[in-house]
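Multiple structures follow.
Below, subunit A partners subunit B and then partners subunit C, in two separate complexes.
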Partner chain A sequence: MRLLHWLPGRLLSAIVVLLGASILIFAAVRSLPGDFAQIVLGPLSNEEQREQLRQSFGFDRSLPEQYLLWLGNAARGDFGLSLASQQPVLDELASRLPVTALLAGMAMLVTIAIGIPLGVYAGTHASTGRGSAAARIVSTIGISFPEFVLGCLVVFLFSRFDLGLSVGAFTSPTTDFGRGVVSLLLPALVLSVFCVAATARTTRDAVIGVLVEPHIAASVARGEPKGFIIRHHVLRNALIPVLTLTATITAYLLGGAVIVERVFNVPGIGSYLVLALDRRDYTVIQAGVLLATAVFVIASLLIDVLTGLVDPRVSVAKKGRGA
Partner chain B sequence: MSAILDIQDVTVEYSTGGTIVRALDGASLAVRAGETVGLVGESGSGKSTLGSLVGRLLPGNASYPEGRVLVDGHDVLQLGVKELRTLRREQLGFIPQDPISALDPTMRIGRQLELALRGLPNDRAALVGHLERVRMREPERVLRLFPHEISGGMAQRIVIAMTMARSPRILIADEPTAALDSNVRSEVTKLVFGLARDAGTTVLWLSHDLRSVGRWCERVAVMYAGRVVEDGPAEQVLGSPTHPYTVALAAADPAGVQPGERIETSSVDVATLAESFRDDERAAKRRAKTRKTDAESADDPEPAPEEEVVAR
Partner chain C sequence: MTAVIRLEGRRRGVLRRSWDYLASFDGLAKTAMWTLAVLFTAALLGRLFGLGGSPTAIVGPRLAAPSLAYPAGTDSLGRSLLPRLLEGVMTTLLLSAVAVLLTAVIATLCGIIAGYRGGRTGGVIMRVGDILYAFPAIVLAILVAAVVGPGYIAALCSIVLVTVPLMTRMVGQATRLVAQRDFITSAVISGVSTPVIMTRHVLRNISGTIAVQGTYALSVAILVEGGLSFLGYGVQLPGSSLGLLVQEGTLYMVKAPWLILLPGIILVIAILAINLIGDSLRDRFEPREARSLE
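The block that comes next holds the complex of A and B.
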């Protein structure tokens, strides 16, 4: 398989990125000015508590050793105790992960299910009035409504008027999946608005780009019907830039989830991290940022593999660059 | 009316950013079924525009305010979308200049061939058969390759296989060997004319290469500035021409041309000849150069040595 030529190198670079990010995250927290224990525990802490904290962070050792200690524990899933709640960070993250994963997954699904067909329609009807109008409306909505504004608007409308869905009443997907999905419907829709617009836009441009390629002209010359050409030759080729965009969308969903969870009061990882920031709960912040980085790195890796499967030329290019 | 293709006084204009280019300016050409017609002319004289017009395949910025194109009596420029599609599918075949870009880069050769042959037998054995017909080596392996893994010569054979599989009544080949390595040109040319003869296909061969035109086409039409300025049996047009362009050809080629015979002169395109009017000395130098490259790649009908290098 062609993938095997470049996949090991790509894996290695993913690991390097993760390690680099972990150093940055570690350094960022440790380089806060002042006594770390004092910052972390607050001015009201006593010397005994501070000493205990310094011990648990291994402050008697050198910085590289401390980093390795932290990294080694993190790799085993041990992110330490939350400074605020004294509970293991891992347990708190794990209990909130399904909520955020479901929220992001639903938003991604909406993005794909609406953004791609819309983009294909706009791209294949680019020369007609209706196609370009569709493209304009979608990108205007997507760009002019940041999800904070849109989220507040939705929260207001749905709590002020009886519109069938309630906001704020949250059901965890682990207790009742169906009701969990329903309760996340509005946040997921708000979260997906920008992604739908970006995906529709990218898909449209990609389709327009593919339509002028000579191989499309060749199938037109063979007398193939329009629908056949779009299905067999346009979609697959146009998918390549859309897949690339998916990496950006993943990052965007991670960031957007923080805001949307906050606005809709969803107890996911995003709102947990905001809370941790408020409380300066550094063990949680470190773990959360590291987790987000890992999700992004893994998602990009998966997308690269998918792109390599769709476009055989990609693997050749990567191989060439790597050598 | 016995012409299978009748182009009557067509005008085609391209509009680009406010300016209008008149690519065809009252061009006419009638071709009888089974004829092989070479359409020659300098670059920009309108050959490609005329060829595309036969299938109404011009880009969106083109308009055709005047003239008619009849294919087997059907008025191509007036046909509905569906009839036009059927006409392209059942009567016409096109071979482009750059074969690699005419293939879908994301799809294996076998799959695209299968799609192109929809409606005909297109199982594995049939596909292999089609590749063997265009004398492809290792057809089984080629079916599994992607377009970027094959050479231009192989790609052109695949395009020819796709096109000739339906035995079109009219084949329009737009400089089909121009993008190929010189050592495979004559073989590909021979292949196209051979398949066309077997299928009784009428050939409109758009070319710069007067030598191959003289060798393979019964009839030659010369285009200049969007019109067909000279048209007749190859022997007559290339041997005793009347238009300045073709006269220039005769001047450069005193031996004259016999159809079906090896032409012993260098391959000189019309654009070069036109220039020879203006600048004799420069043209002489260029001809000398052309002759040299020709000597290196003798026009040998034997299959070329391993051309199809595959990157894996």
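The block that comes next holds the complex of A and C.
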């Protein structure tokens, strides 16, 4: 029940961060040079149309009022109309959300399934020389591969040679889930490489940190089997920094998805955001950036709660996100 | 240990001292430093003496494979790729280095103030950092590009905004640890003024953290610049950066794979080298004891 002591404060800080981010996004788009109505309607619009638009956007009111109006609508899911297609932004985002969610989920699964065992191995063999050096080099190469380079490389290999999987043939997971998963396999793998390496590095450091603690020496002295020590004493303690890293990885997956979706031509939220930037579609940019930020803030809040449940030592002082 | 190095340093010259310092790194980090030095020197030779030819002149057939005449092949317009690669390396390294320098100055200043003074100012600095930290890197870069417009400035601003929050937080944490130590209390009691404590006592003791975080920020900077240029909102033509070259390479991927492979590989090597140096610095400044179960 220690959780109840710090949870309200943590919730409040999440709300403050989210509000701050929304102010930043609003201010960024409003600080665009030129008349916003002119940007929206283009150079061929007349004064009457512009005046009408200013009123419909609430531009005749004060800036704080405009911000509250925008925020209130956004909180109810109304992000306005896309400037380019004149469709509600929410509908377009909603139709693309499953794709990105599946892509990020698959990458997260790969990250956990490979990154943690790799890190545990590297950490428990840290002082044995060759294995540790190999693990260090492999994980450093992993975090040094920008996903656009890796993605292009994969696209090149798979389009030049027949390797069983095709690139560019996308099936929506909402129409056929199985084929959707298969078509997202390569993008998800490319997306996960950085996260696997980062998780392995963090797990390795955490395991090394736990191994030097006296209670491990005590277990060894008691003659407990090695596998048991690793599972019961090392892993439980080492998983806490790894859990914290998951929040950073969520943010990374959201950002990386933008590039990977572009490279593999996947119609998700990321490629929609880039398309919006190409078309100067500011309502979509506002909504997309706000959505990505909100997902990250909520994810890190959940992970903090989870960490608090797993680790009773987490106190108010330690509740900040480590990275 | 510091004292010993400084005594030796007085007898030897500054150059000799820094050379000895660099020579004390492990083999992997030294290889990484040499790699970066070779890349930068090649790019500098390209800039100063036109090594490899002009980056904009059309010199040969289109999409010619690497040969003696065109060591890195030619691109879709018949320009030799080598000088464009060298220019790209220069742009990428220089842009990232300038941005990280800016980041280091801002983050050190904010981090020391937040960590040493704390209070309301520190709280505000940390909160602003939290807010910026909530934006995924490339998403923040897209927002910046939307406002500033594509180009060098967008890349520079994006890198600074992406790297400042984490570095400020790390500097703040390191400062808090130093601020608790006895010699700081002793300096305060002796009546040393706060700015002097911050620069002479705190800054010196967190310089390791700044070096480590700065190195990692440099690798993030190259990633962000590459990603933004790849999306078409970083460095613009006729300029050249590694990310932009990779993006150009995607168009002729099957016919002329070297156009994408060469800039891609150089990009990976540069980031890898910087990360290895960062790891080595971290091992040096934040040593940890390793023990195995054997």
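Operating definition for what follows: the second predicted complex is superposed on the first by the 301 of 323 C-alpha atoms of A that agree within 3 Å, B and C clash if a C-alpha of one lies under 4 Å from a C-alpha of the other, contacts with A are read in each partner's own complex, and residues count from 1 in each chain.
Basically, contacts are C-beta pairs under 8 Å (C-beta built on N, C-alpha and C of every residue); 3 or more make two chains touch, one makes a residue touch a chain.
Everything numeric here is computed off the predicted structure, so don't read it as measured data.
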- Put subunit B and subunit C onto subunit A via the superposition and say whether they clash or fit. fit
- First, second, both or neither for A:246, with subunit B first and subunit C second: neither
- Message: Which partner chains sit in contact with A:220 here, subunit B, subunit C, both or neither? Use first/second/both/neither.
- Response: both
- Task: Please work out whether A:125 is in contact with subunit B alone, subunit C alone, both, or neither, and reply first, second, both or neither.
- Result: second
- Message: Contact-wise, after the overlay, does A:31 reach subunit B, subunit C, both or neither (first, second, both, neither)?
- Response: second
- Item | Which superposed partner A:311 touches (first subunit B, second subunit C, both, neither) | first
- Message: Which partner chains sit in contact with A:192 here, subunit B, subunit C, both or neither? Use first/second/both/neither.
- Response: neither
- A:283 contacts which: subunit B (first), subunit C (second), both, neither? neither
- Message: Rounding to a multiple of 10°, what is the angle at subunit A's Cα centre between the Cα centres of subunit B and subunit C in the superposition?
- Response: 80
- Of subunit B and subunit C, the chain that contacts the larger number of subunit A residues: C
- Message: Using only CA atoms and the superposition described at the top, report the least gap between subunit B and subunit C in Å.
- Response: 7
- For subunit A, which residues lie in the overlap of the subunit B contacts and the subunit C contacts? 127, 220
- Over in the complex, which subunit A residues touch subunit B? Could you list them? 127, 213-215, 217-225, 232-233, 236-237, 240, 310-313, 316
- Which of the residues in subunit A end up touching subunit C in this complex? 13, 16-18, 20-21, 24-25, 28-29, 31-32, 124-128, 136-137, 140-141, 143-146, 148-149, 152-153, 155-156, 159-160, 205, 208-209, 211-212, 216, 220, 226, 229-230, 251-252, 254-256, 258-259, 262-263, 273-274, 277-278, 280, 282, 285, 288-289, 292-293, 296-297, 321, 323
- Message: With touch defined as at the start, can you tell me which subunit C residues reach subunit A in the complex?
- Response: 28, 127-128, 130-140, 142-147, 166, 169, 219, 222-223, 226-227, 230-233, 243, 246-247, 249-250, 253-254, 257, 260-261, 264, 267-268, 271-272, 275-276, 279, 288-294
- Please name which positions on subunit B make contact with subunit A in the complex. 55, 57, 60, 85-90, 92, 94, 96, 98, 101-107, 115-116, 146, 148-149, 159, 162-163, 311
